[in-house]
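All chains are identified by letter, namely A, B, C and D, in their written order; residue positions are counted from 1 within each chain.
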Amino acid sequence: MSNTIGNIFRLTSFGESHGKAIGGVIDGCPSGIFLDEQFIQTQLNRRRPGQSDITTSRNEADKVVFLSGIFEGQTTGAPIAFVIWNADQHSSDYDNLKDVFRPSHADFTYQTKYGIRDHRGGGRTSARETITRVVAGAIAQVALKQLGISIIAFTSQVGDIKLTENYQAYTLEEAEKNAIRCPDKATAEKMIALVQQIKAEGDTIGGLISCVVKGVPAGWGEPVYTKLHAVLGNAMLSINACKGFEYGSGFDVSNKGSEINDVFVMDNGKVSTKTNHSGGMQGGISNGQDIYFRVAFKPVATILREQETVTKSGEKSLIKAAGRHDPCVLPRAVPIVEAMAAISLYDMYLLSKTNEK
Amino acid sequence: MSNTIGNIFRLTSFGESHGKAIGGVIDGCPSGIFLDEQFIQTQLNRRRPGQSDITTSRNEADKVVFLSGIFEGQTTGAPIAFVIWNADQHSSDYDNLKDVFRPSHADFTYQTKYGIRDHRGGGRTSARETITRVVAGAIAQVALKQLGISIIAFTSQVGDIKLTENYQAYTLEEAEKNAIRCPDKATAEKMIALVQQIKAEGDTIGGLISCVVKGVPAGWGEPVYTKLHAVLGNAMLSINACKGFEYGSGFDVSNKGSEINDVFVMDNGKVSTKTNHSGGMQGGISNGQDIYFRVAFKPVATILREQETVTKSGEKSLIKAAGRHDPCVLPRAVPIVEAMAAISLYDMYLLSKTNEK
Amino acid sequence: MSNTIGNIFRLTSFGESHGKAIGGVIDGCPSGIFLDEQFIQTQLNRRRPGQSDITTSRNEADKVVFLSGIFEGQTTGAPIAFVIWNADQHSSDYDNLKDVFRPSHADFTYQTKYGIRDHRGGGRTSARETITRVVAGAIAQVALKQLGISIIAFTSQVGDIKLTENYQAYTLEEAEKNAIRCPDKATAEKMIALVQQIKAEGDTIGGLISCVVKGVPAGWGEPVYTKLHAVLGNAMLSINACKGFEYGSGFDVSNKGSEINDVFVMDNGKVSTKTNHSGGMQGGISNGQDIYFRVAFKPVATILREQETVTKSGEKSLIKAAGRHDPCVLPRAVPIVEAMAAISLYDMYLLSKTNEK
Amino acid sequence: MSNTIGNIFRLTSFGESHGKAIGGVIDGCPSGIFLDEQFIQTQLNRRRPGQSDITTSRNEADKVVFLSGIFEGQTTGAPIAFVIWNADQHSSDYDNLKDVFRPSHADFTYQTKYGIRDHRGGGRTSARETITRVVAGAIAQVALKQLGISIIAFTSQVGDIKLTENYQAYTLEEAEKNAIRCPDKATAEKMIALVQQIKAEGDTIGGLISCVVKGVPAGWGEPVYTKLHAVLGNAMLSINACKGFEYGSGFDVSNKGSEINDVFVMDNGKVSTKTNHSGGMQGGISNGQDIYFRVAFKPVATILREQETVTKSGEKSLIKAAGRHDPCVLPRAVPIVEAMAAISLYDMYLLSKTNEK
């Protein structure tokens, strides 16, 4: 149950970091959707390690192979299975981790829960699992695009360096032009410099990703326990290293109701709102305005420095990561946030179709 | 589907604010649990309107009536149905709202999605639905208590007034001694004064609730898409007026990995951590440390001031709420946050039992 | 989980035979459906005890009260909760059953599974639960009727007395004109005479119900594990006392492929089949032909004769039912079979809407 | 949703007959189960084509490759993905079927539902999908065996040739010694002769499979809508070509209640029943007696004879199958029935663990 997400458009993922393959099965995808393999690969490349000097230098090709559910380039309504074969594994980098718990990783909790774990490269807990989200998300994005919907995520904060304006102040597409994926060039440069410094220290840093969805019509989302923002929140919180989710005014609770209520106005014959502190969702249902939210990511837990810890048998130990690791997860997490948004929104769209006699 | 929460311990809720009753059905509750009706009523009283001069003066008795699933004072494994009859309804207070959309409420989105809505008192979108969560939560809390688990939530911020220390600095039980449910007396007084001022202005204010869960053993939570923190986040985000969720270090992303990693240590023969920036969950599974998280609530959307809006037929209109409303939702939301935490944790506990041969 | 049926149109039922009420919550019903309370009550009356001298003489009014989800006579998309208050309970009839296991009832299995049971009138295991199915089924039937679909069930066999022709040979509406609900008058009379004789003996008898659904278009049902006939089979097998399900040619396996294949032909420009041994479903999806199936019911387990048994503490005991009981469940099961067919088909209809881009 | 079966132990299957691979993902399998690859392959070989001269001569190796969820020979609690690569495909055998609907196959219903279909070898509707059930079933069988449970299915009827005695009269393991998998040698020989004759005619024949499960303790199965026999019925009805399901006394409704009730007796200090017309399940919950049921299979729809039909564009056409096909599906369906029984029972076992405080 735990490895499936979605109600109608459902992704079931599988695979360990150093096993034979990572992959997934998408069930409930409507038939007749063009499988845009080039777009899927583009998205995978945005997530891929080794794309810049501020990401890990691991060289993973991450080519997706579809096994089912596609006929003559289109989805058939049958489950879409896909695999990404694992390669370039330095499993021996992890031999010293077999019996030791890496701080702030899931080694201890998995060992306790299951009594057994595949320690190589983090096994099932590796962020390599997010490949499957990007594949499923890209298929959902193609379908959403045809409905006039666009999804753009970007890095809005790294450590203490942050964008100072609302998203409307930036040309979001600019984010793709720099390694950190921040739409403001000056801020991006500061962020990149910070990450390079952190990397030189053998340390890591976290930050925030913002996401803006345009074009969602009013009426998506299901009350009471499947509210659109709860579905998005759940999807984001399921991403490795995610520590928080807020939408609209979120954690900024300084304003009074009279200052923050979104007054309804008519706009070209359509009901619209003067402001959008609601983040495009009211009562858990989209209201036709931009949907926007922010996601917090902690620093990558693997650092290239010596740390204290304990072993499976309860002995004190020291640990120092070998291997190639990201000093900052944010640029690679941007396409993952977009993918999870696409999966969630497309699922809610399909579910909303069932409210017809 | 949307009115049910949980995997094993499942609450399905029903009812509108001014309909005949609000109620729910709990399925999957194990047999043999003592139904502590007094504790349930205590929790309902903490959520009840009219409990202090900073909450709404509506007088709702909120007595729960159990219809099934109980025999000789214990649960039988059969579904537990319950109702709270609606009373003291001033439906006429809402007559002027039949055709008009209240700003930052769900009137417009429900009307658009369903083509019909019960406008009286907000109908299905009313926070009166949260009564059912408190009932189910109280049952879960009784079961969790027997496992040695305690759940305490409290108000940690109202507008700009906030607690300045970590939760460890306070005696959390003190929160119950003041109307705003903040464990620090001096801060509580400032918060109450602020709410009184806001109320006098006919305005509303939001804030944050923190929640601490002690006693959860390592091993609860299901990877990858049913992570314990994602389940909690989803549950909290489903509460009316909730705008964000964070756990552990959350949105505070200023620290480096080396500063924020939770180093493992032995503590009386058990694996423990030196710090707890992880908020008691690693890789989506509890690690035996305190679970803590924060939830953001916006100001109540209903204000006693004139606001612009539009009608169903697209005419400009003015709206001013009559009726009795909360200037600040936080004190009444505290038991709701506790209830949703209990429901989520007990469900994950029951689910964790299935990982046995 | 176990007290809910359906994927989109979902019924969660609750209640014990001698508790306060029997009821249910229907979630996922589209908005804008006229709630035909008269039709619902008509269906309940067809299921009601005391309707003829071959059913139990218990006098249960079985009036349904709706608690939510209805506004101005229509469904709103919110969950539809309803209760039927229990009355005319002779709980003392069951006092002698507190510690004894009735043969072929669920007393022993519930006691073993749950360690506690409400023994009064069978508690949760009572067929009184099927009231909730009739209510939900009637709502589904109203919606299906507007799609041009009709569902008729009838008694086709009692003990060894059976209809000899295919359903096409009878005017199915005639079934409603006699107490056993068999469309052939002569057969019906023989069946009734048999039931009366069985009743006089203090005994009970089982039989078969057939069901025919007309008007379902091609395309309903979901491969591979949610095949339309599997969904129908599961729904029927969940009815108390049901022992088997077959559709189309079913258990009659005497014919060769060449004799039983349904050859495709054109009929007024539409693809049709020359025969319908498939029972209107191929590969688990409706093909536009009549859907038909048969359901087997065992004799009611409660007989007015002395039977050997054992007690909770393992002592030998004798048992003889007091109370008022049905000698044959079939006539009252007819509307239940129709209701379960309606719930299943409407659910599959709503699910089929999600296969659109 | 439709390609997943199970509540806790969940199989999601994928793949088309002539696509790259058939496979599945098992989620919710407890950790620490020994993966008995040899037993799995033995079960696959029992299902495999080409095993005798009364099955198809297609030569499919059906070797399963595990991709994830296994570490050092044991399950880890992570999803278990597996593929069986397709080979020996004579896709050109199916070229003539691209635009024509095979009688009593799912070509027409899939085409109507999805607007597109992979026609090669039946695509997703091929019984080749049942390989995945056998793999998942074998894993469940290993786990059930350790709980003392055995599952044996056998062919009990082919056309009009049937076993005349109850299952207790036979040594069920004898079934494996002949090509038709019937435990009575004399009957088996008649069945085989019939199948050979049918095969010579280019025709096909159906029949019944019986299944007996020993060792299930009292208490498995979940009321009301997840009754153990309904779960089994649903699982069996999801198998290709299945037309009916009955358990215990099933469709034989000739007996009165007094003749068919299972009287409780003590047996070595345990509650037992004198007879077992209930088929080991009462009120949807196992009672500790043998569970037994029967499953009806229609003749394979593909016959080597000319049949009338129509094309996608509504033209009359003639069709005659080329390729290699089974004259009788029963011997190969025996391990599939066992597998589905194992999946269902193990799932219900895991679910029953959640009824603990």
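Throughout what follows, a residue touches a chain if its C-beta (ideal position, glycine included) is under 8 Å from a C-beta of that chain, and two chains touch if they have at least 3 such contacts.
Nothing here was measured: the structure is a model prediction, and the numbers come from that model.
Within the contact network of the assembly, the step distance from subunit B to subunit D comes to 1.
Common neighbours of subunit B and subunit C under the contact definition above: A, D.
The pair with more inter-chain C-beta contacts, choosing from A-B and A-C, is A-B. As a whole-number value, the distance joining the C-alpha centres of subunit A and subunit B reads 26 Å. Averaged Cα coordinates give subunit A a centre that lies 39 Å from the centre of subunit D.
Per-chain CA centroids place subunit A at a distance of 46 Å from subunit C. Those residues of subunit B in touch with two or more other chains are numbered 1-4, 7-8, 13, 28, 31-32, 77-78, 110, 113-114, 124, 223, 351, 355. Per the touch definition, subunit B reaches subunit A in the complex via residues 1-5, 7, 13, 101, 103-106, 108-110, 112-114, 124-125, 129, 157-160, 198, 201, 203-208, 218-219, 221-227, 229-231, 233-234, 237-238, 243-251, 253-258, 260-266, 269, 271, 273-274, 277-279, 281-287, 294, 296-303, 305, 307-310, 314, 316, 351-352, 355.
Interface of subunit B with subunit D (complex): residues 8, 28, 30-33, 77-78, 143, 146, 223, 350-351, 353-357. Here subunit D touches subunit A in the complex through residues 1-4, 7-8, 10, 12-16, 19-23, 25, 27-28, 31-32, 65-69, 71-72, 74, 76-81, 83, 110, 113-118, 123-124, going by the rule given at the top.
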